[in-house]
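Structures incoming, each one as structure tokens.
In the two complexes that follow, subunit A is the common piece, with subunit B as its partner first and subunit C second.
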Partner chain A sequence: MTEVERHNYDVVVIGAGGAGLRAAIEARQRGLTTAVICKSLFGKAHTVMAEGGCAASMGNVNSNDSWQVHFRDTMRGGKFLNNWRMAELHAKEAPDRVWELETYGALFDRTEDGRISQRNFGGHTYPRLAHVGDRTGLELIRTMQQKIVSLQQEDKAEFGDYEAKLKVFQECTITELLKDDSGAISGAFGYWRESGRFVLFETGAVIMATGGIGKSFQVTSNSWEYTGDGHALAARTGASLINMEFVQFHPTGMVWPPSVKGILVTEGVRGDGGVLKNSEGKRFMFDYVPDVFKGQYAETEEEADRWYTDPDNNRRTPDLLPRDEVARAINTEVKEGRGSPHGGVYLDIASRMPDEEIKRRLPSMYHQFKELADVDITAEPMEVGPTCHYVMGGIEVDPDTGESTVPGLFAAGECSGGMHGSNRLGGNSLSDLLVFGRRAGLGAANYVESLERKPVVLQSDIDAAARSAVSPFEPAEGEGARENPYTLQHELQQTMNDLVGIIRTADEIERALGRLAEIRSRVRNVVVEGHRQFNPGWHLAIDLRNMMVVSEAVAKAALLRTESRGGHTRDDFPMLDSDWRNRLLSCRVSGEDQVVPDVVVEPKEQVPMRQDLLELFELSELEKYYTEAELTTHPAAQGDTA
Partner chain B sequence: MTAVMDNTAPTSAEIPAPDGSVTVTVKILRFNPEVDSEPHWESYDVPALPTDRVLNLLINIKGYVDGTLSFRRSCAHGICGSDAMQINGINRLACKVLVKDLLAKKGKPTTISVAPIKGLPVMKDLYVDMEPFFEAFRAVKPFLITYGNEPTNERIQSPADRERFDDTTKCILCACCTTSCPVFWSDGSYFGPAAIVNAHRFIFDSRDEGAEERLDILNDAEGVWRCRTTFNCTDACPRGIQVTKAIQEVKRALLFKRV
Partner chain C sequence: MSYKGQFRVWRGDSDGGSLEDFEVEVNEGEVVLDIIHRLQATQAPDLAVRWNCKAGKCGSCSAEVNGRPQLLCMTRMSLFDKDEVITVTPMRAFSVVRDLVTDVSYNYEKAREVQAFTPPEKLQPGEYRMQQEDVQRSQEFRKCIECFLCQDTCHVVRDHEENKLEFSGPRFLMRIAELEMHPLDAADRRDTAQDDHGLGYCNITKCCTEVCPENIKITDNALIPMKERVAGRRYDPVVWLGNKLFKRGK
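The block that comes next holds the complex of A and B.
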């Protein structure tokens, strides 16, 4: 029988980024005992890397803004594949979540009259992003960390124990979710990274908030934690993943020096006036406004420049098109020989505003380039290029409660899918975390309270989970060379980067699937040395299994979707196809292999958008995305036939 | 047996050596609690580009030479504050130190020493137990304290009021400052610079009404008066926060009862 440390909680949150902490605060405020589990130290989550801001239509800078405008921008950004109910809830609730964060103590840059200031960003019609310089994510995490400290001090006063209601288990990795005999969540099994000792959380509800999958790609702005743990754990527990083919490549990552390739350059540089130029000095984005956005963006440099000061009478610069458009444009410029010396393009803010203004508005960017690339962004342009940044796909959830297709399993934030459709707008991630973190916390609380009895963990499941976790220490008998987890991780990243990256073809994706199959057969032969105590090689061997599952889901879904939309560009199917708009690709695991199971992909239809939301759009715009048959209920269409 | 012994450098033939790279020796203070009674130095000759960060060298050693080398890292560009360590004796974030700034002059061989930050218990290699550090952080009530009704929307704060405490909001809780402080080394019960910085962040926030409670805490025997103004903390801060100045402002607030 496995020796295991046991804990018992009403709700267990996996992940301590923005979504996880917001969910935990909600569950605790409902009076439930709540555990937060994270791989890193508390407060170091990936959310800290978000720079630009948190989108919410508060209208503090431009009072024309409203939830309807935010909703429309989000749907356009996602090319109308978004789960419209999630986009609706998000647009409606984001302002309240930002104001609430302010009452928790969050710092924000302010308008002259002392309200929360808002900045322009790609795809957002009005200045909408609440921000703190270029360190908004850091402040968001810090604020929720502070809120949790304050709740724990309240609990100390009331119950005599700081951790009576809410406890953070840091540097702890979950390797399995457990279910009872009815198929509902009963617990989570994992290990302490420090000691390697096993730990079991018995709980009726698990909230996944583990973030993304970017570490499956070689060039990425994501940190080591982003190995798709939540995606893979949920899938292995029976949940479905949707939209996995949509991976966002942020247009502006650092391209040089090699050691920092992929690190993010905030979109705030462009929001505040920075422009993209090719090696000929041309502002090339004017050549890349796609048909669906024609008429919404400036057509001359003069108009674009006037827009910063007079947005009511001018259209915005195409430098601020949604991220998928800008990333593809940069890719094309470089491919056609108009790139910068290190294979990117130029991002110029130096010639656009005074030195002091740049340092005041973008201090982190100034230091990042000065310290890491020896480039003074107040004097010379930056070199930038696309970097894997965000996965739109994730665990399929109920929009209102965050519950997945497995009873008791909830998800929020990047590891959930649907909200952003085929492409996320910048700034919509931090607001997503707050809106759906809270909703998942509430959903899990309601679920737990409705349970008649707490699900029971089976001893046989604990034993199996423990066996699976230590298997990399025990080399399989027989054929096959012993594999190093770092080598396999590297090959996996290279494969995804080269063959399932920003531009895809059927031929390349099929080659990727071949290579993935080969890597999968070698994952079984991964051997790690040493003991379980703080053994990074072992940790990677376990993460690698998750990376395999999500990479296969991305590649298989990408092969099936024979069109180009948002974060999925097929060179062999370059057009948006209206017949694909409403079709989701749902990934599930199958097969015998418990460690790295097979992924199967099936199409499914989305629920049609509610009539009142559909009517928020002009018929002429919807016609660019929808089939004719889908639009017969639009009043303008009915007018035509009358 | 003494703690320090220099092992012969293991081969590092497998680490890819790109054009323009030079070989540097990375000397790491290793400690494995399962077998070692004390920490010891181990050296690794590795290829390095001048533009590499020390973190890249550590990741290469871990990936190619010794998979058991343990250290914290996360965002890898100076925002999360996970990889604080002593690099050539100075507290730095490994992701922000470039090899070119450490290369020996005139082509002489370069040795880079890497050790855990000082004053916190070492758990393994470069991992230290951060709990005492976070305990001090929590002790200063690092959260907004207000009384009365909450506003419907946001509290109003002028740009000038917001600017007043901007510097101390940049803290990333990396512990570079606290573990560079001689007072903290000699007596771990001192709150340390980072906790005071985080108290300052709220004491000087115009929205906050808990200044008095926090000042009482910092007036304690383990509080601000232990500071000997050596400026180590200010030098160590990877975010450029004027840490010593913040501590002085808290002292002044205590002396004159006003913020």
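The block that comes next holds the complex of A and C.
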């Protein structure tokens, strides 16, 4: 029998980024015992990397803003593939979630009249992003981390123990989700990174909040943690993943020096006045406004520049088109030979505002370029290019409760899917994780309270999980070379980057699938050296299995979707296809291999948008995305026929 | 442009360890963390190091380079001569878990002892009004990425384990200052700063400010003003007389 440390909680949250912390706060406030488990130290989650802000239609800067406008922007940004109910809840609830943070102690930048200031961002009609300079994610994480401490202080006062109701298990990795014989979640199994010892959490509800998958790509703004653990664990437990073909490449990552390639340059640079230029000094974005956005963006530099000070009478600059459009435009400029020396384009803020203003508004960008690239952004332009940033796809959930297709398994934030459709607007992820983190916390609490008896963990599952976790220490018998996990990870990243990246073709994706199959056969032969105490080679060997599953899901879904939409661009099918708008690709695992199972993809229909939401759009706009048959209920369409 | 760099990296665990020599490839534009990663991938796959963002934003990769507390991801190789031996050791003020990874739980314990933000009673969510110039002071301290380099370098605890019980360190004294300067925080934190968190131990040598990767002026903007507030409360003659007459205070 495996030696394992046991814990018992009502709710277990996996991931301590914004979504996980917000979910944990909610579950604890409902009076449930709650564990938060994270691979890193508490407070280091990837949410700290979010820079620009948190979108919420508070209307503090432009009172014309409302949830309806935010909803419309979100649906447009996602090219109408979004789960409309999630987009609706998100737009409606975001302001309350932001205001709530102030009661936890958050200090956002202010307007003249003392309210929360809001900034412009790509795809948002009005200034909408609550922010703190360019370090908004850090503020969110720290605020919720401190709220957790605050709740622990209340528990200390009441029960004499800070950790009586809410405990953070840091530097702990979950390797398996466990189910009882009815198929409901019964626990989570993992190991302490520090000691390598096994740990079991017995619980009725698990909330996945593990973030994204960016580490499967070579050039990425994501940290080592982003190995798709939540996606893969959920899939292996039987949950379905949707929209995995949609991967967001942020248009502006650093391109030089090589060691920092991919590190994010906030969209706030453009929101605050920075413009993109090619090697000829031309503001090229004016040439890249796609048909669906024609008429919504400025057509001359003069109009674009006037918009910053007079947004009511001018249209916004195309530098602030949604991220997928800008990333593709940069890609084309570079490919056609108008790029910068290191293979990017120029992002110029230096010539657009005074030095001190740049340092005040964009302090961490100033710092980042000065320290890492020896570039003074107040004096010269930055060199930027696309970097893998976010996955729109994720665990399929019920919009209202966050519950997946597995009873007792919930998900929120980046590891859940649907909310952002085919492309996420900047600023919509911080608001997403607040809105749906809270909802998943509530959903899990309601579920646990409704259980008649707590699901039981089977000893045989614990033994199997333990065997699987230590297998990289035991060389496989028989043929096959001993594989190094770092080498395999590198090959996987290279494959995804080169063949399933920002621009895709059937031929390249098929080659990628061939290589993935080959890498998969070698994952079995991974051998790690040393012992289990804080051993990064072993940690990577385990994470690598998850990266395999999500990479296959991305590639297989990308091959099936024969159109271009948002974060999925097919060179062989370059147009948006209305027949694809309503079709979601759902990924499940199958086959005998428990460790790196096979992925199968099936199309499924999305629920049609509720009539009152559909009517928020002009028929002429919907016609760009929908088939005629889908729009017969729109009042304007009925008017035509009458 | 590439060259072979000479490195000495501390390897071991709580039972002890030693510096090990490595020769590693160094390329243009790299930082010390890149070299550590190359070591992992090619020579020492089980070399333990914490890191996350590799962009100076998360504060995970704190260690000491040639004895100086620094973020490994923000220490550029171009700072060093090509033939210089670069020594990388774990933070000295904390006990070693393994290699470059230290036990930083002291910081989380101290964080939990600072009374949380105390919201104003009468204001509902959405009703908070604050001026930019008033929030700016606390905002400077909220730039903190909790790398704990200030805690590592502070001489009060660097070689004095015994002081850790009574002293919360620059990071958490600054947190108290941040809350004290928050325009809407309802608590008075002057006594607790001095009595429970050891503000008096600080003799403003500014070592913390020097190592802060976020360039926060910890000493000048947080600790000294906090000391002044404490002194204002304790040594104000009127307050002193009041305390004497009504037998308050200690």
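In the analysis below, the second predicted complex is superposed on the first by the 642 of 642 C-alpha atoms of A that agree within 3 Å, B and C clash if a C-alpha of one lies under 4 Å from a C-alpha of the other, contacts with A are read in each partner's own complex, and residues count from 1 in each chain.
We take it that a residue touches a chain if its C-beta (ideal position, glycine included) is under 8 Å from a C-beta of that chain, and two chains touch if they have at least 3 such contacts.
What you see is a predicted model, and the numbers here were worked out from it, not measured in a lab.
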| item | value |
| --- | --- |
| Clash-or-fit label for the pair subunit B, subunit C on subunit A | clash |
| Subunit B versus subunit C as contact partner of A:Phe286, first or second or both or neither | neither |
| Which of subunit B and subunit C A:Phe534 touches, first, second, both or neither | both |
| Subunit B versus subunit C as contact partner of A:Trp224, first or second or both or neither | both |
| Touching partner for A:His46 - first (subunit B), second (subunit C), both, neither | both |
| Subunit B versus subunit C as contact partner of A:Ser259, first or second or both or neither | both |
| Contact residues common to both interfaces of subunit A (with subunit B and with subunit C) | 40-44, 46, 48-49, 99, 102-105, 107-110, 113-115, 132, 135, 138-139, 142, 146-147, 149-150, 152-153, 194, 223-225, 257-260, 263, 364, 367-368, 371-373, 484-486, 528-531, 533-537 |
| Subunit A partner contacts - residues on subunit B that touch it in the complex | 18, 32-34, 49, 51-53, 56, 62-64, 67-70, 72-82, 96, 98, 123-125, 127, 130, 134, 137-138, 141-144, 146, 150-159, 161-162, 166, 169-170, 172-173, 202, 205, 207-208, 240 |
| Residue ranges of subunit C in contact with subunit A within the complex | 13, 27-31, 34, 40-41, 45-60, 74, 76, 97-99, 101, 104, 108, 111-112, 114-117, 119, 125-126, 128-132, 135, 138-139, 142-146, 179, 182, 185, 215 |
| Subunit B contact footprint on subunit A (complex, rising order) | 40-46, 48-49, 58, 98-99, 102-105, 107-116, 132, 135, 138-139, 142, 146-147, 149-150, 152-153, 194, 223-225, 257-260, 263, 364, 367-368, 371-373, 484-486, 528-531, 533-537 |
| Subunit A residues within the subunit C interface of the complex | 40-44, 46, 48-49, 95-96, 99-100, 102-105, 107-110, 113-115, 117, 132-133, 135, 138-139, 142, 146-147, 149-150, 152-153, 162, 194, 223-225, 256-260, 263-264, 363-364, 367-368, 371-373, 484-487, 490, 528-531, 533-538 |
